[in-house]
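Below are two complexes that have chain A in common, paired first with chain B and then with chain C.
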Partner chain A sequence: MAKLRLDKVKPLVALGVFLAAWWVIPTTVKSFMQVSFAEFQAPAWVATSYLDDLEGFWARRSHSKVELIEAGRDLARIKSLYQFNAQRNRTLELEVERLEAILNLPSRREFRYEVARVIRRDLSAWWQHLIIRKGRDFDIPVGAAVVFSGGVVGRVVEVDAFTSRVELITSPNFRIAARFEGDERPVVYQGAPQSGFGDPVGSVRDAPQDIMASRQAPLQLVSTRLGGSFPPGLSIGRVTWLEPGSSGIFQAGQVELDPRLLSLHEVAVLISLSPTDSVNNAP
Partner chain B sequence: MLLDPRAIVFFCANALLLFLMLLVNSALAASPVYLLLLGPMVVLPALYLRHQSYFICTLFSGLWVDAALPVPFGLCTSGLLLCGAFVFMTRSRFRAEHNYHPILIAHGLNFFMIGLLSLAAGFPEWSSVAFWIQVATTSLASHGALLVVAPWFFNFERMLFMLFHLENEPEELPLL
Partner chain C sequence: MSQFDVHRRENPRIVFFFWIVLLAGVTLVVGLGWRQLIANQKYEAIEKRQTERRILKPGPRGDIYDRKGNLLVGNRPHYSAVVYLDDLRREFRSEYSTIIRAERERLKELYDATPETGRTEASLIPNYNELQWVARQNVIQGYVDTINRITGRADTVSTKEIIRHFNEQLLLPLVLVEDLKPDEYARLIEQVPVQSPIEIHTGTARYYPYDGAAAHALGYVQNVYPDPEEIPDDGIKTYTFKTQEGKSGLESFFDDWLSGQIGTEIWRVDPLGFQDSLLEQKTPVQGQDLVTSIDIDLQLAAENALGDRTGAAVVLDVRTGEVLAIVSQPSYDLNDLSPFIPRKIFDSINERGAWLNRAVQLSYPPGSTFKLITAIAAARAGTTSLNTEHDCQGVYRVGNRIFRCHARNGHGIVDEAAAIEGSCNVFFYAEGLRMGIDVLSAEAKRFGLDKKTGIEIPFETGRLVVPSMEWKRGEIGAGWVPGDTVNTAIGQGFLLVTPLQMATVMASIARGETRTQPTLRALTAEAAAEVRHGGESIGLTLEQRAELWEGMERVVSPYGTGRLIQIEGLRIAGKTGTADFRAHGENVNLAWFIGTAPVEDPQIAVAVMVEGTSASDRFQGGSTAGPVAKDIFLEFIEQYPERAGF
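Showing the complex of A and B:
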């Protein structure tokens, strides 16, 4: 009879022992276990991503020659436009450098762009993450900014050997300094819980009282140099209304984000060419 | 034997279920639907295996899930072990060789895991209506999907036993 009772509570005893052991185990051991398990899973996701690419390749192979010729013509037009823009960009950069030299301004942070394919999207009530197909093999650092053609995507929060995890701008844990286009005063952008219905949204706070936003005249929220991870001027989203915040001194409102954030296939990771000093946050 | 070979089969099936779940969620990212199908992972190991094998299988499955999802490492492991302990202690009441009881248990455990993740999200999220709307949508979609996935998954696990010539009966049949 006593044996029977012991058998009954065995699962609870084992659970208790596990919880006690988990509490005692050093964080380094837990991190090692987490990394080991994650690295075991990564090849499956990378393989799936390459299979997707292969599927796309075969899908394009089935296109007719006429379609390919038309696509090539369109690409040539876009290429010539980009070549012209690149020339213009180079001229403007030289002009900026010349003015900076005249004014004796401190040098700006420079970034290199690492384009990476999105292999998994994890967008739920509890987390808002992307997994990209580049990791330590491409020197992706934790905290690096991630962008796409529509603006800010998020920030790298975890780097593995061949993959990295990106926290999306929609995540409530994501917060950056921002400013409204045409206004130099900083505000705070923070992600917000998503209902899943409608376009993604975020929130802005600490906006000065004199700033007005409406649906007819929305304000564009862009990144600033403050914080160091993001270059200035990248689009974050659109603000169509502002109301007095909880303090009464500043305003707060909702930021409408780019709906393409939810179906990204490719992003660019910005890797600083002059890594930030983690203590002083200075290059 | 230290480890029942069926524990390895259960673990591999759990890894496959998680992979498929994340694959579907990735494809449905632009829609409000998100599937969380962790409930079925513990049911048959707790009903079929001896305690040692069940514990090792559930522990490794939990760590596998924790590494794949952006949750505090150990949260899903603890949750699955807690669920498993409950099912293991009451397993004499359930018929493991048919799907009816395992499906009901899977729904209960899945709901518990959704609750656990929502609890772990923290206070700032709890105060948001949008968060609860998405949790409700996730719960509905997940339990709707479980109606189809759970029977398939349990039959798949039993089919793997047959494929690998393993014992297809639970360790302790319920007392009738």
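Showing the complex of A and C:
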């Protein structure tokens, strides 16, 4: 009888022993194990993503020739449009550089970018992460800004050999300095717990009292260069209401984010060209 | 029958203990009932005192605007990095354990190294209390270092500050770094993780979009703890954030109006005093806004015109008495005083004598601008008539004393208008003597020169002197002599007034009255229509008034002393003045101008006073103060062309 009882509690005892051992293991060992686990998992994620790409490729191959020719034509049009835009941007950049040289201004080119595929989405009520298919192999640094065509995506929080973990702008742990378009005063943007079914949202606080937002006249929240990790003017979201905060003078409100954030396939990581801008997160 | 009954029968002594136990039981029950049912309120109050803490958060102050709605004083975000010590308790304990272990080892090594004869067991015991503070200081400094690394600052926190915070402000956040610049704030927002105990606190500080404009009139605030009378007296221990209190100018005069309503938080705390749960919260409310009568464009024009010179300028709306501009130089940048006054800035302002509002807090002899009062007094007293003339030969003898006119060779034969135009001393010496000091003194008092104006600026000087025989006897202990009268007649001698008072005199003359009540509050159209300044009619006949105005207008004519003030298309009437007085052991020259325009329908009254100390300077009302007034009139035309008749 006693033996039977001992058998029953054996898993609990094992769990207890494991937890106790985990508790006393030094932090460095724990970190090492965590990193090893991530590195161990990463090839599987990367391989899966390549397989997805291959699957997509073969799915496209299965289309008729006419469809492929039409798609190729569309693609060529889009490509030429982008090439034209790229050329125009290059011309403008050169003009800016020329003016900077004349006026003796320091160069404003502060970031280079790395385009990366999204290979995994880790979205829950507690955290909102993306795994991208570039890591130390492309010199992605921790703290780098991640953007897409709709604006800010998030920030790199962990870099492994071939992958990086990006904290999404929707995460409650994500916080940046921002400003309203047309106003220079800094405000704070922070992610908020997501409802799961609705569009992604965040929150804004420390907005001055004279700023008004309504559904009829929403305000655009954009990034600011002040914090050092994001270039200025990138869209964060739309603010449709603000209400007085607990301080009695500043306002707080909700930010409606781009719904595409939760279904991204590709993002760009902005890597600061200035070594002093590297971001060191505080404890 | 119980066991005790058996014992009772066997041993009657047990009865005694039976009753004692019964009595004790009854006492306990009654005591319990007393405390639970009757004295429960007392114990509730004690429990409340022990377990609840109140935090008072002041509301931001109201904004101050000029008459056109331009923001003169507002609130700007004031960023600081703070930590709640409650969040650091685990780290304190961990650091303390580390330090204690290290200290014990150190003491043990020291003990072992000491010869046996000199060893004491006490030397093995660490100073626990001191090490506790060291542990706390290490942890907190660690967070300050983090902030320093991100912002590039080099701040430190001392053990003394930490001890004081623990003892006095435990529930309030400990400020690690104050007054962060916007870029430092943004960096911290982005680089300090959300879970970090470091919080970026956004408070408010006064902000002045026009820097030092109207600094003396607007005033400044100081961070102080709230008035103890505002703290509810219910025994709950209360922690208070500092609030802003007006210390000068409108900030001080309208302090109650501008002050925000204090917000309250009541927290339940644990036995160590750290916060446990929020029981009650009331949000602070911003104070009420104040709209002043100041016109910032006129104010800036007057300040620019006065420049770096020491002096004052006041511009009044003739009809309502609203102060459109009030300048005192030297001045200071109000933004330098917010959120607190650095010692270096305080000393610098002190050394320059810039704290003083020369428009209302210092009194000066008005010089020849006072001749207008002398002229009015003489006309009303009947000692002068439209035909009165005096021959000015440059000197005037009173007994054995010679009194000079500023025109060395004299003005020749002058009537009243010519005397005002040329500021002839001899004419007014003679008129002063003819009417006597009693009449002259009474006239000055009729214009309110012996009383404070009552403007909404604190600390208006009370050192105002309109001399009379009684005054001299009482204050100086000497008898009045005719020389005193002639000196007073030209605005010298004992006479002391403020520039604001001379502006009110000009406004009163412009309206044909004797008093002007200046105000710094913008009046609504209805209130402006009902303004009563409280004086009486100036009491001159039409002819007398015409002669006075002719004289004043001729001052600002090609041959008048104020010829530099002339503006094409604008008829200006006024009076220049130059005076000497002694202050801080040196002779100070004063250049005055008071005037009004347009003559057809006076709208503004201007008083300008410039201090100078060099006797060799060409320091005269017309050439020194006049151009300042001219710039003010030009700006008036720019801002109010219709009122200026353009």
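We adopt the following convention: the second predicted complex is superposed on the first by the 232 of 283 C-alpha atoms of A that agree within 3 Å, B and C clash if a C-alpha of one lies under 4 Å from a C-alpha of the other, contacts with A are read in each partner's own complex, and residues count from 1 in each chain.
We take it that contacts are C-beta pairs under 8 Å (C-beta built on N, C-alpha and C of every residue); 3 or more make two chains touch, one makes a residue touch a chain.
Given the structure is predicted, the values throughout are model-derived calculations rather than measurements.
Shared-chain residue A:263: touches chain B; no touch with chain C. Of the two partner chains placed by superposition, only chain C is touched by A:176; chain B is not.
In the overlay built on the shared chain, the residue A:229 is in contact with chain C alone; chain B does not reach it.
In the superposed model, A:21 lies in contact with neither chain B nor chain C.
Legend: residue contacts after superposition of the two complexes on their common chain; A:34 is shown touching chain B, with no touch to chain C. When the two structures are aligned on the shared chain, A:244 is found in touch with chain C, with no touch to chain B. Of the two partners chain B and chain C, it is B that touches the larger number of chain A residues.
Contacts of A:103 after superposition on the shared chain: neither chain B nor chain C is touched. Shared contact residues on chain A (touching chain B in one structure, chain C in the other): 172. Within the complex formed with chain A, the residues of chain C that make contact are 57, 59-60, 75, 77, 142-143, 146-147, 149-150, 182-183, 185-187, 189-196, 198, 200, 202-204, 260, 263, 281, 283-286.
Of all residues in chain B, those touching chain A in their complex are 15, 19, 22-23, 25-26, 29-34, 36, 51, 55, 59, 63-64, 66-71, 73-74, 77-78, 81-82, 84-86, 88-89, 117-118, 120-121, 124-125, 128-131, 133-135, 137-138. For chain A in complex with chain B, the touching residues are 8-12, 14-15, 18-19, 22, 30-31, 33-34, 36-38, 40-41, 44, 48, 120-127, 129, 157-158, 165, 172, 192-197, 259, 262-263. Only residues 143, 172-177, 185-186, 188, 190, 206, 208-209, 224, 226-230, 244, 246-250, 279-283 of chain A touch chain C when the two sit together in their complex.
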